[in-house]
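You will see chain A twice below: alongside chain B first, and alongside chain C after that.
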Partner chain A sequence: MLWGACKFNDEITRLPIAGNRDVATKVVNGQTVTDTVYQTIPDFKTVNQYGDSIKSVNLDDNIYVADFFFTTCPSICPVMHRNMLKVYEEFKDMPDLKIVSYTIDPKHDSVAVLKKYADKLGIEGNRWWFLQGKKEDIYKLSSNYLVTFPVEDAKEKFIHDGFFILIDKQKRIRGQYDGTQPDSVQKLINDIKILKAEPEQK
Partner chain B sequence: MKWKVIGFLALFVAALIACQNDEDLEFARYYSGGMVIYQSKCQNCHGSDGKGLAALIPPLTNQSRLKANKSSLACLVKYGSKTAINPAAKTFGGEMPATDLPDVDIAKVLTYVTNSFGNKMGTINTEQVEKNLKDCK
Partner chain C sequence: MIDGINTIINLNFVLLKIIAIMKKMLIPFALIVLAFAGCSDDKAKQEAQEKEQEKTALNEVIKIHDDVMGKEDHLMRNKMKTDTILTPGPLNTKYTVVEKVTISAVRSKLMAADEAMSKWMQDFDAELKGKTHEEKMKYYAGQKKAVTRIDSLFGVVIEGSDKYLKEIQK
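Right after this comes the complex of A and B.
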């Protein structure tokens, strides 16, 4: 009976793990164990809209959703953040879920500009961070999230894609969603609930 | 005599219907054209429901405001805005970009906006837009 319960537990729905993977062999308790090593989000150094230094360690023990944007974006960003607001509202009571939006225009998007943007979007507290870092670092980081490397453009300023990326507590990529499509964002909301139910994410 | 009166009345009614149809037709033409322009030029920011985005992007759902500013709407669409739309509320401080739309398209999109999202203000035609654009500040 107990065994049955355990087995049942093991059959829960899990989200796939995206990105490159590697195999590592290590010795545990005198035995050689081979395990899969998944791609994870590397360390980064940024400042949030309150001027606090935010590194990847500040996201430990959190499931989080990341995106790349800039405050003067004339094209897809308003659509993305209109949709991200839905995610923000949906998980207001989930203490271990965060949203991070990295600006790809750190020259214009200072801490003060990001704070103003957050205020106008109605964002309070530390659930949704707007992060500014060194441009080269952020651009490089974007490839770790498997999104398109931003391209600078005279008319649109920066061309980038509007993906929302779901990261688990082990900093692995668990899903990518088109942030401009309401259906896709609804799938993200559903997937966060599935992810949260995985035993490793408690 | 009786038939003359009836004939005249019938003619009068027919003319009235034809007239109305012309007006309706003009409205339908502007409105449907405006919808396509709205989707490609305005919707990203102002939203498919015209509600804008929190305090960042103003909504287009307030008919009394649209009415009060009716004559300057064309200027806003053509030249954009660099200042807060509503300084008193300290919101909407961002810029609205200018567009490169011809007058006829400005008229179409304004007809769409002022007759969607709960608004009902009738046709804004090209002549009106041309006239309003002469008075832009």
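Right after this comes the complex of A and C.
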């Protein structure tokens, strides 16, 4: 999924915005203006590897990267998280960037199991959260992340396809990347830098 | 001086004897060394072959696992549809008692299939540390059968639930 960044009228390079959109009209200074309202990631209820409750509000004012995994995954997840480590290392000093990995096997991936997994990867602090929630809720949530983009792209995305999704501070989807492919992950890293330079993301 | 010369002659004689003995031993010794080298070579080849067989066998299991995980989305979506139908509310009242009982059974089958895969993943050991080649190959063969059964189960419950959910669609 390679999206080109776009230059808009203000000459700032911006990433495109994915997902459904609506046109809304509002009155500003007595004038009726139309505005595009983009799909956002809805609220969710999870627990992280420290046992702390994590909801959407805990990601406010953060750009973040999301993925879906499970700790006993023998195939793509180890590759994904080895690649995600590159993102983690690259932006270690960026205070408003987070990574969230939702487990799709909450029955096995308890808080203790998630903590052990995080420890094995060398993850400390609150920059990268491994989140556990009700399985059905995570699957429902995933459909908000895994939108097809462009809309004309008929190929449906599945929770176990290894995608990394880039979310901005307004909780809009700004990119989707193949987490198993190093060049796609490098594009994610480059796009995070582009996103961070957008005025609304400072 | 004659003693010295005699000593030198004797030493030479001994040296020549040693060289002759070594020459006699050389070929057998070389053969032994070559035999060992050949054995090590064969052993290394065999180990490499066994590793390749294990890798192939493991990949076959993982491929089926990936296929099942690809169906997991569909299974979960159908399961969530059954949850919605069975949750008390305006949608729930549109279904007859028979439909709700049947949907409950469909939901149970979906959950059982999901649980079977979850358990298989938890129990699966991809590394098999300390196991012999034969033990590994036997294990992978067994796991391939087990995950193939789960793959078939997924196919059956998804097809069945698709069909019934379509039939009772309101």
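Note that the second predicted complex is superposed on the first by the 179 of 202 C-alpha atoms of A that agree within 3 Å, B and C clash if a C-alpha of one lies under 4 Å from a C-alpha of the other, contacts with A are read in each partner's own complex, and residues count from 1 in each chain.
We adopt the following convention: a residue touches a chain if its C-beta (ideal position, glycine included) is under 8 Å from a C-beta of that chain, and two chains touch if they have at least 3 such contacts.
Since the model is a prediction, treat every value here as computed from it, not as a measurement.
Once both complexes are superposed on chain A, the partners chain B and chain C clash.
Once the two complexes are laid over each other on the shared chain, residue contacts for A:Ser184 go to neither chain B nor chain C. Looking at the shared chain after the overlay, A:Glu136 reaches chain C, while chain B stays out of its contact range. By the touch criterion defined above, A:Thr40 lies against neither chain B nor chain C after alignment on the C-alpha atoms of chain A.
When both complexes are overlaid on chain A, the residue A:Lys107 reaches chain C alone and has no touch with chain B. Of the two partner chains placed by superposition, chain B and chain C are both touched by A:Ser75. Once the two complexes are laid over each other on the shared chain, residue contacts for A:Leu121 go to chain B alone; chain C is not touched.
Of the two partner chains, chain B is the only one that A:Leu85 touches; chain C does not reach it.
Only one of the chain C stretches 9-17, 45-53 or 99-107 carries C-alpha atoms that clash with chain B in the superposed arrangement, namely 45-53.
Judged by the document's definition of touching, chain A residues 72, 74-76 lie at the interface with chain B and also at the interface with chain C.
Listed in rising order, the residues of chain B touching chain A in the complex are 44-45, 47, 53-57, 91, 93-95, 97. Of all the residues in chain A, the ones that touch chain B in their complex are 72, 74-76, 78-79, 81-82, 85, 116-117, 119-122.
Touching chain C in their complex are the following residues of chain A: 70, 72-76, 104-105, 107-108, 135-136, 139-140, 158-160. The touching residues of chain C, when paired with chain A in their complex, are 62, 65-66, 69-70, 72-73, 76-77, 79-80, 83, 118, 121-122, 124, 126.
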